[in-house]
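Have a look at the structure that comes next, please.
Letters are used for the chains, namely A, B, C and D, taken in the order the chains are written, and counting of residues starts over at 1 for each.
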């Protein structure tokens, strides 16, 4: 039967415990701090003046679509430094049905060697 | 030896089918390979239904009705499997019609290339 | 017997029969009116959901097993010769099955509600709803059945209907090609599973899982081949690397509401893998017993656990790393989520596979006979609980993300991340749902993903620290992946092309909201879920003799 | 696909009733002989396919609408499931063979080790064969018809 203890209880993870209640209390506390800091901010700014314009070291602003960083440009460093891995991965994902079946047969063979022969 | 022949045929059918699926480049041939694997598995199932010296599980005017009948489960399984196979075959062929209409080719490698180039 | 009790008794059959009846009635009803048809489909799925919650509540809370035999009272028939054969089809529902059908019910219900508006502008919707209901029936059948061949039949019903649904956008070449790839892969996988079933039938004259589990000797070569075929075939259905390539194709091209139910079918494959390894071959893999009689050591069963454990763990590590790395690079929204789904599957397999290493012997002496049992240690049990808990969490998180991707596609007709941007201003609710899904899938508190991932990390750390470190690293990369999506789709300046974009219709918001509420509920009360739903499932998974005893009597 | 020559049309006209009768015989005797709903249905559908080939898909599409076939197909499937539900109502088990032992329809119980085929036996099994037969005839014919119609058109003519 469902009890209130099981609703709010914490569970054992093998080497520790976790209770979301603690997390909820702490997040409320942090939000209070954030709110209290935010209260010191100044209210009110003048619209339609230079205050609302973005400042790019004096350069003119680009078009909106060019301002947006494209998804494939993100994490460039990560993909560049792991190029050798991605080369292999791209060669794996050919999008070709026969290769999919070939991988299945390869795995079948490996598991067969592990279970059936050894 | 004579009793092993169906099993050799099963292994042959499945291997030929796998060969066709993996190494043939035409989609229709891949579908043929799948049906070959399927008939291999069906043949295996129906072979399992045979028990030495038993009767076929049909009520007929057979005088030897005292002999044991073999359990007709494998036959039922094979029939179900064949029915499923027909559905799969029809689906695959109709998809091939659509693929040919879109890309104008049935070659696996060309299709993969055209798919990657799209957009 | 009153009405409620008889409904409960018949619920295993009705759970599959009601969607089937609905599927065949839908083409007739759609002749009347579109709205009546949609309401009818929602009603049918809702009715199935009510039956599922009744059955699961009874199984999980009262810890009892439900058996339903089609066409007779007992699965065994006894001809005049005196032998007994288990030929009737049986639905055996223990804790694990009840756990899985809850996932199926949530996904099916949300998917049908979501498609009310999502699919509205397409033609051929009577066929769409027929196929969706068939797919739901097949998925629930896979999760419920206790008969090997029946499992194959439901597997094929599911793959045929889902293939037709993946190729639903027949005007797009890519989706037709994805449907073709899916049907080829799933047919070959299913045929090898059928071959394994035939091998087992030829040896033991049984198709019933409990009878097979009771009688498998594992002393012949064919048994080993059957195990190999089952592991690889079901692994392919579950999308384990390197047999996962069909998954991004089909998840990426199917309509989002269909993808949601596809997740359920993938996890039904995963469930079947665990059922085969733990129950059908349970005596030889998870719970072998050694007898020592007068100095002679008799092993009743073969101790395969370390080999199967190594296989599962290696596949799981590959699945996590390759899935998450491909997701990081991908620039198509739905394909990216699909690769993330592959990575998530790795967590479940990792948790279950690592638990195999904790099997340790414990000795008891009964009347001079020394008996050695193998059982999971505390950490192993925790890992199994975490893995099972992660199944339901993964279905919800990835499902929510796919629904968000569908909502974005619905308003912009665009799935490429490079062309999207600045949508948060116009789609506030969708953005909130996406952030909930993002936090949940990358394991941030207080969402449900954190609870299960914490269980997995901490229990696996006790088994092997390196595995836990790899798992945490992959989780961080998952977070990075979805932060990229958050930036490139929702944040950034408003793109003029999408100025006129509006929030999606109500039914889609309701669908996403339902899943988001369940995610937060699971995250805030993980203990409730763990004690009442996951614990019985884990107990059922670890105790194969309870399954045999429960479904043969 | 346009029709074939007059000889083919005439021959298929003559052969069609025999194919039809044979298929219906297989469906009706599904509980006594090897065969049943699917097999008989496939025979009947292949007869229909013969007509389709000889007269061409455009002519056949005018005579038989795909919608009618799909209604027939779902009628067959619904009657199959309803038979299962009736087992739940009358025999308290899904798919229970509740017709066994009654006096009027397929109810006779053959004596043990009887060898003669009695048509009036087997309870709901013949009814299920009829339902499956209906579904298979309509379904297979619809598949063949739609595929023939789709391949007969050139690219871009239908969506």
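Just so we're on the same page, contacts are C-beta pairs under 8 Å (C-beta built on N, C-alpha and C of every residue); 3 or more make two chains touch, one makes a residue touch a chain.
Since the model is a prediction, treat every value here as computed from it, not as a measurement.
A comparison of the B-D and A-C interfaces places the larger number of contacting C-beta pairs at A-C.
Between the CA-based centres of subunit A and subunit C the separation comes to 23 Å, rounded to the whole angstrom.
In terms of their C-alpha centroids, the spacing between subunit A and subunit D amounts to 54 Å. Averaged C-alpha coordinates give centres for subunit C and subunit D that are 36 Å from one another. With touch defined as above, residues shared between interfaces to two or more other chains in subunit A number as follows: 95, 97, 101. Among all residues of subunit B, those that touch two or more other chains are 21, 27, 30, 111, 115.
Shown here, the protein chains touch in an arrangement that is not a line, ring, star or fully connected set. Considering their complex, residues 81, 85, 87, 149, 152-153, 156, 160, 163-164, 167, 170, 173-174, 176-177, 179-180, 183-184, 187-188, 191, 194-195, 198, 201-202, 205, 207, 416 of subunit C touch subunit B.
The touching residues of subunit C, counted against subunit A in their complex, run 61, 180-181, 184-185, 188-189, 192, 221, 224-225, 227-229, 231-232, 235-236, 242-243, 245-246, 249, 304, 307-308, 310-311, 315, 322, 325-326, 328-329, 331, 378-379, 382-383, 386, 417-418, 421-422, 445-446, 451, 454-455, 458-459, 461-462, 480, 484-485, 487-488, 492-497, 523-528, 530-532.
Per the touch definition, subunit D reaches subunit C in the complex via residues 70-71, 74-75, 77-78, 81-82, 84-85, 87-88, 92-97, 112, 159. Within the complex formed with subunit D, the residues of subunit B that make contact are 58-62, 65, 75, 79, 82-83, 86, 90, 93-94, 97, 101, 104.
Residues 1-2, 6-16, 18-20, 23-24, 27, 64-65, 67-72, 74-75, 78-79, 82, 85-86, 89, 92-93, 95, 97, 99-101, 103-104, 106-108, 111-112, 114-116, 118 of subunit A are the ones that touch subunit C when the two sit in their complex.
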